[in-house]
Amino acid sequence: MSETVSLAADIVDQLAEISTATLTMQLIKRGIRRSWIAGTRPLFAGTPRVAGEAYTLRFLPMREDISTRESYARAGSLREAIEAFPAGAVAVIDARGEQGCATLGDILAARLKARGCAGVVSDGPMRDVAELRDVGLPVFCSGVAAPPSIAGLHYIDCQLPVGCGGVAVFPGDVVVADEDGAVVVPRALAAEIAADAPEQERYERFAQMRVAQGEPVLGLYPPGEAAQAAYARWLAAGEPDDWRG
Amino acid sequence: MSETVSLAADIVDQLAEISTATLTMQLIKRGIRRSWIAGTRPLFAGTPRVAGEAYTLRFLPMREDISTRESYARAGSLREAIEAFPAGAVAVIDARGEQGCATLGDILAARLKARGCAGVVSDGPMRDVAELRDVGLPVFCSGVAAPPSIAGLHYIDCQLPVGCGGVAVFPGDVVVADEDGAVVVPRALAAEIAADAPEQERYERFAQMRVAQGEPVLGLYPPGEAAQAAYARWLAAGEPDDWRG
Amino acid sequence: MSETVSLAADIVDQLAEISTATLTMQLIKRGIRRSWIAGTRPLFAGTPRVAGEAYTLRFLPMREDISTRESYARAGSLREAIEAFPAGAVAVIDARGEQGCATLGDILAARLKARGCAGVVSDGPMRDVAELRDVGLPVFCSGVAAPPSIAGLHYIDCQLPVGCGGVAVFPGDVVVADEDGAVVVPRALAAEIAADAPEQERYERFAQMRVAQGEPVLGLYPPGEAAQAAYARWLAAGEPDDWRG
Amino acid sequence: MSETVSLAADIVDQLAEISTATLTMQLIKRGIRRSWIAGTRPLFAGTPRVAGEAYTLRFLPMREDISTRESYARAGSLREAIEAFPAGAVAVIDARGEQGCATLGDILAARLKARGCAGVVSDGPMRDVAELRDVGLPVFCSGVAAPPSIAGLHYIDCQLPVGCGGVAVFPGDVVVADEDGAVVVPRALAAEIAADAPEQERYERFAQMRVAQGEPVLGLYPPGEAAQAAYARWLAAGEPDDWRG
Amino acid sequence: MSETVSLAADIVDQLAEISTATLTMQLIKRGIRRSWIAGTRPLFAGTPRVAGEAYTLRFLPMREDISTRESYARAGSLREAIEAFPAGAVAVIDARGEQGCATLGDILAARLKARGCAGVVSDGPMRDVAELRDVGLPVFCSGVAAPPSIAGLHYIDCQLPVGCGGVAVFPGDVVVADEDGAVVVPRALAAEIAADAPEQERYERFAQMRVAQGEPVLGLYPPGEAAQAAYARWLAAGEPDDWRG
Amino acid sequence: MSETVSLAADIVDQLAEISTATLTMQLIKRGIRRSWIAGTRPLFAGTPRVAGEAYTLRFLPMREDISTRESYARAGSLREAIEAFPAGAVAVIDARGEQGCATLGDILAARLKARGCAGVVSDGPMRDVAELRDVGLPVFCSGVAAPPSIAGLHYIDCQLPVGCGGVAVFPGDVVVADEDGAVVVPRALAAEIAADAPEQERYERFAQMRVAQGEPVLGLYPPGEAAQAAYARWLAAGEPDDWRG
């Protein structure tokens, strides 16, 4: 259920084209209702879509004897995890929903970007938000908080299975994020969903077009027989923008 | 307490001119402190003011045996309710505050708009937010979530009294929404509030003007005798913008 | 721990130059993890940084026998507190986290601004938000709500120690707010933090520059011996923007 | 999905013998994870097990214009619903999780008992708890609150589908409650679960016995081949209390 | 709205005879729905009813620079407030709902009892619960927590208006607590409620008796004309236990 | 900060004699305010005190593709962790505060007891509570829930650092639980706290005795000079129960 499942090289690229709304429906088809990372939204307007394999970072609640400024430099620190960050991956931060301190600031975010990090998904806040805006790393998180992580959290380890926003994330799962939030696609399901999702999106474009033309949604979405026939004609016609069946 | 109370044709138009801030104060005057639909805000910057009679849509918590993709097409589905939607009404969605899935997406929203829906007020989230922005339907809701409703909710019926954001809404109550959120005006009180509210707003414009001119708020807001006299003179003078009493 | 500690005239000005992110770290150095006023963010995009001594306003839960419209004009009302507001101070409003009604509207906010109020920090919402945008008073709060305070709150007194966003604020403490939120600097610590914080920010500028140049964060942030030496050379060179050690 | 599905007369009696722990596992086998009515526990020590068809009572948030003491006597009041209560049913109260007022007091509870109500399951509190103890009606609820329902709730109707404790309950579903809380068994699944559950409980008695005898749980619970064989021998031997395979 | 309103000597004694359920209904009659101190229940089984004038103790959120063990001995400490505690009063503790530390332990509770404190109502927890059981002071609170107050709270002052469990409490208000929780009776209303409440309780005893005899609640509770007549006969007959009208 | 720190054999026994109230104060003396495992209380009346080294069990949020009944028997399952449980340890379960399903039921609890488990501390609920009462394993948890863990949780691994009730727990930390809840004593501090705590408890017994004799708490608790002298005499006299200084 993790990195040991092989993943064809282009699956992430294919999933990057699919909206999180479509992905959640594809997952429900397969019995998975819990895939959306609750409470995580783009930190800035205009944040681009993100997709990549999950690289997990785990925090515990802060404890004053160990969550010191000195801990930033210890062996096994968050800095070490960042320096081992693989290009193209998405950082998934398990902050246990703590809202009173930040999980990343501008300097670490800039370094993540330099290492090729595709984006960050955290169920906790960010800090240095004015500077972070300039860093240009896509960040999906719960909000903003000025205090550093040690005010409420303790970084503990990386690349273990974690919880984030109420869902389980394993290293190597595919994470996709857009304006609707962030979604986890279990690694074992990534290929089949990448294969099936485009057809769902194609039909929805057809349905959007027909609704724009004044058609009722009953029998159209989800499609009844007549709508399926009209859709087949539309496909046969090459998906014209102004088609009328 | 519902549609059986007749409502003169222009009352909704009159209420559409009143801010929700004023409406809540008018309701407190009449003993009603709970009228503001908590947790509901404009989904997009620049969302216009909305007013209309409430058309209620009720959701229950999801249950896996019935909250299936097939349920979208059953008799009594949300699609049927949308196809019966009366022009000019406001859709009021009781999502019981569920935040993990959406109550509407772009296709149903587009169809609501096509049917003349004045706007949507939901205590749950929306999905397909990028596409929804283009639909142009005014939406007041709790936020954004990628998963479809069946991830956490089950649509059950329409036009029954519901709860929304912690307040009771009956079909036919007047709902007004602006940048301060959404408010329910009980149908039986709509006419008298439509009649009284403009005077409150007129005095507040006067008070704003005086404060801008450097006057203290003590004795001005709420008005003491001197302020009332000055206000009378201002009214008599035709409400000039630069008047000084 | 309050106004009885003297505060040199320029301390507030110096703290106004420091980010809240830096201030929270300076406070953690001194053993204080709880200084960030949770749930308080700039009400409008582009809200400027704010710093000033805290002038506290305290609310209780509403009680229907006393939280009446008439209470707005009673002796000891919020209006009186506003008319006694000292120029340059920051209004800190203890709304006990109540989210269902506003703590200020546009008229009182305009009057606060006229009296020289530097800004408002409230753990409750604001109303009249459309008009408030034009007032130009920097406001950091929990959000927006249409109802007036008496829908859920009762103003009781001013200039007593209060809680705000989960932290204790004493009159005369220094409050600083920026895009990362609002922070309380205990009055007794204000001078030493004003003295120490610029060095932290200087080093972080150095670290940001080095990360932008591709340097790893291990050994840089926090600095090891080599980084400290490089930093010393950078300082000696006059903090050039493009310096390489 | 409701009363229109026929239910053999003895199904409720059979389900009354099954623990809620077993029922939730039987429901998970059938894909239903949401069946437990969260936040509902026996009000008194020693409350007996309860099972019966759901008779639903629905509350909305209070609204001061209608949630008056006079509303207690109006047509369609809670009193009317109570006087129509069918013997043997379980009252399921949808209080939307409101915790600040009671959903029932001693007098209405006594009348429910007189009418043959098997028990009450509410996601809100009870009042008159000292007197309620003497009434002898089994009550599963969220706790205790002194205020009457109209302090925060408005009774609206009965025998509609409702939400209770985060799950959907339809009239005629079977509700079972014991010391572990209350569970909804969808009416359509009641017969097959009544048929299958006793075998699960029989095996668990076997497993408890073996664990008491010092056997590890690996391979026993859930059973591997050896445990299944030992269980078969135990069954063949007539389920002796002290059997050793 | 506080101690400046005189209170006849026997009013507290009269209110001590009234259940909190009745008191909340009497307050609703007078327009007050918020009087019940949410989240406060008897700490121990068998805790007796309590009534007395409120003596308020106010806590703020902890701040590490001031919430030290040394603060326990400073001028204006909680110890001073306890040594000034007036016999017969009820301690009302505003802990702002903090649940992670205790507001009182066994030693201070024992001293409060020695000074004649009638009982404690706190919206925070207690500690030393094993020892507290033996102290014999009636305590109504939110639960139990081992840490001392300085782990999360800072005692600040006494005898100011406070919030407790979501309601406003002024020094001198009458607080009554029983198994249904704790209720605040505004001082100005204490006398009239003490006068009116016994009649409500008398009618409810009548209604309980009639329901026990098999009478429906429709027309009985609240009473219609026939029930009022029967009640009058019952009163005239001297309120016999087994009376049938 | 974990098992690599050696712990003298009798330290756990010494800590078992200290109340959690005392332990939290000893930890605050050492700068640690977060040591109390929030929301965890004895499941049954009369649950004995528990102390032992932490053996941690970690859960993630449930995911439908992996949280199946089959997962109970996979390699690395909770059953395996239980069969490796070391005698004398305390099971610390990180359920991330999930309240909708149980973390243990009666069969696994019985097996834990058979293996010498000293007790269980979980921030989630238990199931099979009627049977669990008979098992006799001391359990401190958040409450009761009928559904099995896979309804909402996914067991993932053991003996890693975890969060529990808002605090960080490392394998080998000492956990103590009593009627006031459960507390984590960091392994590195266990010996010095075991050494210092008895003196705190001894003085508190003295203070309790003096308060019982009518002495004010000012100057006694915390002690002033006179109280310290009296305490010294009491110690010199052999700590007599009825001593008067």
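Order as written gives the chain letters A, B, C, D, E and F; numbering starts at 1 within each chain.
Please note the rule applied: contacts are C-beta pairs under 8 Å (C-beta built on N, C-alpha and C of every residue); 3 or more make two chains touch, one makes a residue touch a chain.
Predicted model only: the values in this text are computed from it and were never measured.
Colleague: Taking touch as defined above, what minimum step count separates subunit B and subunit F?
Modeller: The least step count works out to 2.
Colleague: Among the listed pairs C-E, A-F or D-F, choose the one whose interface is a repeat of B-C, with over half of the contact pairs the same by residue number.
Modeller: Copy of the B-C interface among the listed pairs: D-F.
Colleague: Shared numbers divided by all numbers used: is that above or below half for subunit D and subunit F, i.e. same or different?
Modeller: different
Colleague: Hey, which chain ends up farthest from subunit A, C-alpha centres compared?
Modeller: E
Colleague: So, what's the distance in Å between the C-alpha centres of subunit F and subunit C?
Modeller: 38
Colleague: Measure off the straight-line distance from the CA centroid of subunit B to the CA centroid of subunit D, and report it in whole Å.
Modeller: Each chain's C-alpha centroid was found; their separation is 37 Å.
Colleague: From the C-alpha centre of subunit D to that of subunit E, how far is it in Å?
Modeller: Here the centre of subunit E sits 32 Å away from the centre of subunit D.
Colleague: Give me the residues of subunit D that touch two or more other chains.
Modeller: In subunit D, 31, 33-35, 62, 64, 166 touch at least two other chains.
Colleague: Touching pairs of chains, which are they?
Modeller: Pairs satisfying the touch definition: A-B, A-C, A-F, B-C, B-D, C-E, D-E, D-F, E-F.
Colleague: Please name which positions on subunit C make contact with subunit A in the complex.
Modeller: Going by the criterion above, the answer is residues 19-21, 23-25, 28-29, 33-36, 38, 41, 166, 178-181, 183, 204, 207-208, 211-212, 214, 216-218, 221-222, 224.
Colleague: Residue numbers of subunit D touching subunit E in their complex, please.
Modeller: Touching subunit E: residues 62, 64, 69, 72-73, 77, 79-80, 82-83, 99-102, 105-108, 110-111, 114, 127-131, 143-148, 150-152 of subunit D.
Colleague: Mind listing the subunit B positions that touch subunit D in their complex?
Modeller: Within the complex, subunit B touches subunit D at residues 1, 30-35, 60-66, 96, 154, 156-157, 160-163, 166-168, 186, 188-189.
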